[in-house]
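See the structures that follow.
You will see two complexes here that share chain A, one where it goes with chain B and one where it goes with chain C.
Up next is the complex of A and B:
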């Protein structure tokens, strides 16, 4: 103990806070670059042995049906009627389900076609769902052929449902809602004509367009950062890698042949984190986790007869593995980062990265608590910016959720929302000089807590937002009472640029190309480029329950406002701390 | 005189055994959904209600069980697969939902019924190589439905029943079941090929014993039944033609000499084109049935096999009229804490039907009775509140008995009625989870008993076919029952292997230690006054109450008493006092 009553180690941390914060931050990045290396990762394994991936002899031989249905889809006028007719013809109980949106952000409707074949080697109390998009003729034809084939087989102890979604992910949302007897504020839909019971897993697939004929694309990211159970992913990877399939798995659209040559090894984990963080709805599989179900999507080569047969057998092998399962998926990881298809990093290894990244916030908050705060005084601006954030979220949800609120083509409401988010409220609210240290302390603590909490459900989002935010937060919360006036002005101007939307544009212009993703062109930036992401996150919040919009309005924008408040010249906010 | 007495003593049993009888029959019919249904019935009647000590045809194991436990009626059915009543129509009787169902009606003293029930479950568990033990006590309930047997005088019977939805049916159960029959190799039993039975869409087997009386004499009637539902031909030429060999992969082998009658009845379908010539054609309830005695089937021409050909192949596009009455259940909700149980009953007939709805809910489904809703949608899709009467409800007691709901619902014509309630899942103790805890636990199927039968066109009671050759109207004795599907409830499962749980556990342990243990173990207690604080009477009372509460909690934990049980006891105590 020292004279102050603190442990010596705490004293050292306080005295050398900037150095220790820098070491923690840099060390976390170094740790990330160490553990995400494929050679340092854990090798994937299947913990649920009952899955027995690829042990069965796949016997799919209905390429003729596939060709017939594909031909019909290309020539028939009423495709839905044709699909219902074909499914019925193969002995599958087939039905339609109508749905339409009931929110202002999107006026869409569709008619799903779905069918089921019941498992009779068990109590018929569990289900497996196969999904395709009706617009994808090849995948649709394959699903119909598989439905007919599965109906004729005797293996099934689980009910198998076949969903031909109209309207993509919203069709899936309508079906899953009806399946689980839940209601939706954004969708009106028909109830299912037949019961469906506990959903074990969903398997979506689509045609892998323009790629090599032997590659299988694997999509796994789900809503709000959820991921399918790693056993499920591993089972599919194992099956596709078997000698009789020889279909290399492609993750995040990064080809195996490029790995280690044109692109560095860190691209796959970086893309994994990015997709988890910001791609709320990747494709048809993305909503499964919302219903407590693991779901993946396969991009299959459906070009030649042999590739169709191979793809169908791959699906057959996967579904039969699911049919073998003794329990629901629980054995393996739900929270992980894939370094490639055969290697992964578990939560115990990657969580320390965030710990290191947010450590500076905690260290500086502690220093503020010890050295600067005499009496904790929470300034009212904290409540104001958060209340306005909550108000913005609820009011926007209410307004854009109203079916009649938006006129097609009228961008005014969006621009108003954008303006509301961009207004620096801190300029209109004075912070008492005595409360500045407390504000600094609360801001650092809130940011650290927010990153920590978000990381428990969406590690990618927490890490990718913490990485740029932490240095900015440290810089902009430093006391500035002895600085020249012009530097204070620069700091204020620069603080405006730390707005989350500005960071979004910065990311899309400069970072996305580094991750080999499509980004924005800095020379041709338009208002649409800023409004578009707002539209997207509001829509996905209202339609499928993505939580990026509430996080933005209730957490990110208020933190930015507090940051601006602390960047104001000393005179504007009082006499300084 | 001596010789007469000696002869009577020696051959008395044999002479008496002639009064026992054995009849076997197989009814093959084509359902409106084009599936083929095979119903085996093996009927054994005893001499009288006094069974033993000599058993000729009546199975000794069951006779002794009845006598030892004072059982008047006993029913056991094990089922694999689900009877989808919305596609197949009402199930053949006796019907049961997926899994095992056991029910018994006892006479004698009421205070020993539970012990006798436990003994019966144990005995049948061994006799049928089943796993019925978990039925007692947590899955046992008192059935409120009617008796099936005849009773010469009014008798007070005590009912016990239990269902195990997860119980699988396999060859292990088939072998002991076959052994109950007088003929184990010859006769119709030879058709029961396990490969075909367990590869079928639906298969159930079981038995039912009840007393029967006629002209002042009574006896036990034992009916062993096996039901097999064959799928429609999906592939190849889609021909519905069948033969015994195509169904069972083997012909009938040998005649059962113990049987007074052994016949195969084939329902005459309008599309039937050709078949083996029957010995007779009988009409029951307006439907024609071809009769093939086993001896004839074993003749040189047919060699144990008969066939039927139809004029048409199966038409999967055929729009069948909706089945008269169907029931299905679904679970709703996304999380692993709460849920919604929804049962849909469809009445597609132009007249209203009164049904008795029954649902058994295991204790770990804590359903909210106040959320129970019964609503119907009529043919115009308007919501109608049906007439509901005779409600019976017995609440669950943790680990002791399930909840039981029964109500009489009047289903409007052409309506879809929904019975629903919300529920929560209980947190089980570690030892109460099955080995595959993450699989979930099953809720037994809901049942509806029809007050007025819906015609299936088939003789649903073996008594209907007893007097062959007589064209007759036949009203089965037992009420027609239709079952929904069983439901799987994923339970909240503790999992201490995952990092989150480790963090929670470690965090809790650390906070507990540093919250209380650390200060206590490191602080030095120094009295600030030389005089110790005085003992307040209120402090003593408060400490006394705390001590009593702690002792009570320990006692409750030790005796597995739940808070609900404690509340009930307190309520009972209060109601007694006031």
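Up next is the complex of A and C:
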């Protein structure tokens, strides 16, 4: 114990706060670069043995049906009628479901075609859903052929539903809403004529992007950072790697270095984190997690007859594995980062990264508490910026959610919203000098809490936002006593540049190319480049419930405002230290 | 780590038993400094007794009342649906959904108390059936906000009466009006606001020095929730002469009898509601998660041990009354505050809003604040836990990526943090007591004393 009554270790941390904070931050990054190396990761395994991936003999032989349906889709005028007719003809109970959007951000409608074949081996309490997009003729033809084939088989103990979605993700959202008897503020849709019970899993597929005859693309990121159960992913990877399929798995459209491509090992985990963080709707599978269901999407080679048969058998093997399951997916991980298709990092290993990254915030907050705060005085700006954040979120949701609010092609409301988000409210609100320390303390703690909370749901988002934010927060919460005026001014200007949207542009211009992703061209930046992401996150918030927009308005922008407030020069309206 | 320094019989009339004093180094300010500051605080405390002056709740707090109303209206409009779907904010005993169901059953002439669906008193169902239309959303909002303002008023007035300091009274009012737990509870529109108002009335009359009325309202609160009966110990400490105790017994009996009688009549001269509500509490029939400690235990316990543990948990709820009464017999306000805290922690179906009452009363213990060792840790823990609860619930129930342990861990830590408030305050109180009794034992190196 020390004279001050603190534990010696705490005293040491306080005395050497900058060094320890730096060590924690750098150590976390070093740890990340260690554990995400494929050779350091755990090898994937299947915990639910009943899945028995690839043990069954697949017998799909309906390439003729596939060819017939594909031909029909290419030639028939009323494709929906044709699909219903084919499905009914193969003995599948088939129906239509109409849906349309009821929000201002998007005026869309569609007619899903769906069918079901019931489990034969007893009254089923669980279902499996196969999904394709109607626009993808090859995938649609394969699903119809599979539906007919599945109908003729007797080994089903679960109900199998087939969804041919019209309108992509929104069609799936309409179906899943109707399936779960839930309502949606953004969609109006028909009720389903037949119902199924708990959805064990959804399996979506499409024609692969790479158009290679031996590759299977695997997409697994779901809404708001959710991931499918790792058992499900592993089962598919195991099946596709079997000798009779020999279809190498491609993750995030990247072929790793083991397969002859010259790609650094860290790209796949980095892309995994990035996709989890910012790609709220990856494809048709992405909304399954919203309903507590694991969903993946496969990009399958559907060009040649042999590849069609292989793909169909792959789906058959996967569905029969799901059919074998004794319990719902729960045994394996839901929170993980894939280093490649055979290796993963579990939550126990990657959570310390975030711990290390946000440790400086906690250390400096504690130091503030011990050395600077005599009486905690929470300045009203904290409540003001957060209240305005909540108001912006709810008012925007209300306005853009109104079907009649937006005129097509009129960008004015979006520009107003953008302007609202860009205004530094801190300039208009005075912080009493006595409350500066408390403001620093609360800001650091709030940021740490926000990163910590988000990491449990969306680790990628928490980590990728914490990495640049933590140094900035530490930098801007340092006292600026006796600094030259020009340095205070410089600090204020720099604080404006830490706006989340500025960071977004920085990311897209400089970091995306490093991740081998399409980014923005710094030389040709336009207003649209800033408005577009706002439109996207507002739309996905309203249409499917993506939480990036509320996080931006209620947490990120207020934190930026508080940061600006702390950067105001001494004797200015904000105050100094 | 604790280090035993010795024993001492003080000879003080309040400390006649052999007392064991422990000294230890621990995080927190130096005890000698603290004691000095405590003495200073006491002087200020005494001074305010003189200069308190009249205190106008509405005059001093009008801006906070306006903000509180605004916050509550906004919270109801924006987050009502979300909050009532979260288990930590509601329970079968206070849920607005159950209340609506009960009223509908009543309107359909189906006695709500007879079945095992509605766990509310017939008087409550009657009130929301005949007086306040439970289906009227604006009316419910007004009703709940009104009760929250009344609660703040009563607590604030009680604080002024106890401390004689309008600043402390104002802080107490702020602590309730602007407490996110109280705002969230109001946004749920459940009966927690009503229960809080009832307990605030007990606190008010407790401070006003009316044994009869405080006990009477305690009787009403006991009929409503059963476990507040433990607060009678605080009243008996506050009003310790026999006349007052007899008055309080009469008041309590009158409150219980009157309210039970009304419910008996309203339920068609049957006692069905008693087993339906009190049996439900004691037997812990509903295993739906909440922010308490019971649900997880009862979902795990073997059925043949269940009855045994029902007795154990029931006894546990009342067990601490005696030791707490013996330990805090010279500080009834602290006793009342800590009893309210224990009430929240050990009741079978707590909600987050229940904690708002004792949290609002904590400023009354400001003279102990300098001696608290874990205030930062406790505040951060409670804040984090309250934020984590909906996330853990989402992971467990919505996305399926977590399990029951996730949610229970957070509720467990939340309750442990609350108990640490109790422990920290007790420690601070004992230290202050030791200072009065054996000040020579306090040295420069002493950081805290376990007394």
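Descriptive notes on the structure:
FYI, the second predicted complex is superposed on the first by the 564 of 577 C-alpha atoms of A that agree within 3 Å, B and C clash if a C-alpha of one lies under 4 Å from a C-alpha of the other, contacts with A are read in each partner's own complex, and residues count from 1 in each chain.
Quick note on the criterion: contacts are C-beta pairs under 8 Å (C-beta built on N, C-alpha and C of every residue); 3 or more make two chains touch, one makes a residue touch a chain.
Note that the structure is a prediction, hence the values are computed from the model and not measured.
Partners chain B and chain C, once the complexes are superposed on chain A, run into each other and clash.
Put simply, more of the residues of chain A are touched by B, taking chain B and chain C as the two choices. Legend: residue contacts after superposition of the two complexes on their common chain; A:7 is shown touching chain C, with no touch to chain B. In the superposition on chain A, no contact is made by A:523 with either chain B or chain C. Contacts of A:292 after superposition on the shared chain: both chain B and chain C are touched.
In the superposition on chain A, contact of A:390 is made with chain C only, not with chain B.
By the document's definition of touching, both partners, chain B and chain C, reach A:330. In the superposition on chain A, contact is made by A:123 with chain B only, not with chain C. By the document's definition of touching, neither partner reaches A:375: not chain B, not chain C. Shared contact residues of chain A with chain B and chain C: 290, 292, 328, 330, 456. The touching residues of chain A, counted against chain C in their complex, run 1, 3-7, 10, 226-227, 289-290, 292-294, 328-330, 334-335, 366, 369, 390, 394, 445, 449, 452-453, 456-457. If you check the complex, the residues on chain A that touch chain B are 85, 88-91, 93, 118, 120-121, 123-126, 148, 151-152, 154, 180-182, 194-198, 290-292, 326-328, 330, 346-348, 351, 456. Across the complex, chain A is touched by residues 25-30, 74, 78, 376, 380, 383-384, 387-388, 391-392, 394-395, 397-403, 447 of chain C. Within the complex formed with chain A, the residues of chain B that make contact are 80-82, 84, 86-87, 98-99, 165-166, 198-202, 232, 234-235, 316-317, 328-336, 340, 342, 344, 436-440, 442, 485-488, 490, 493, 495, 499-500.
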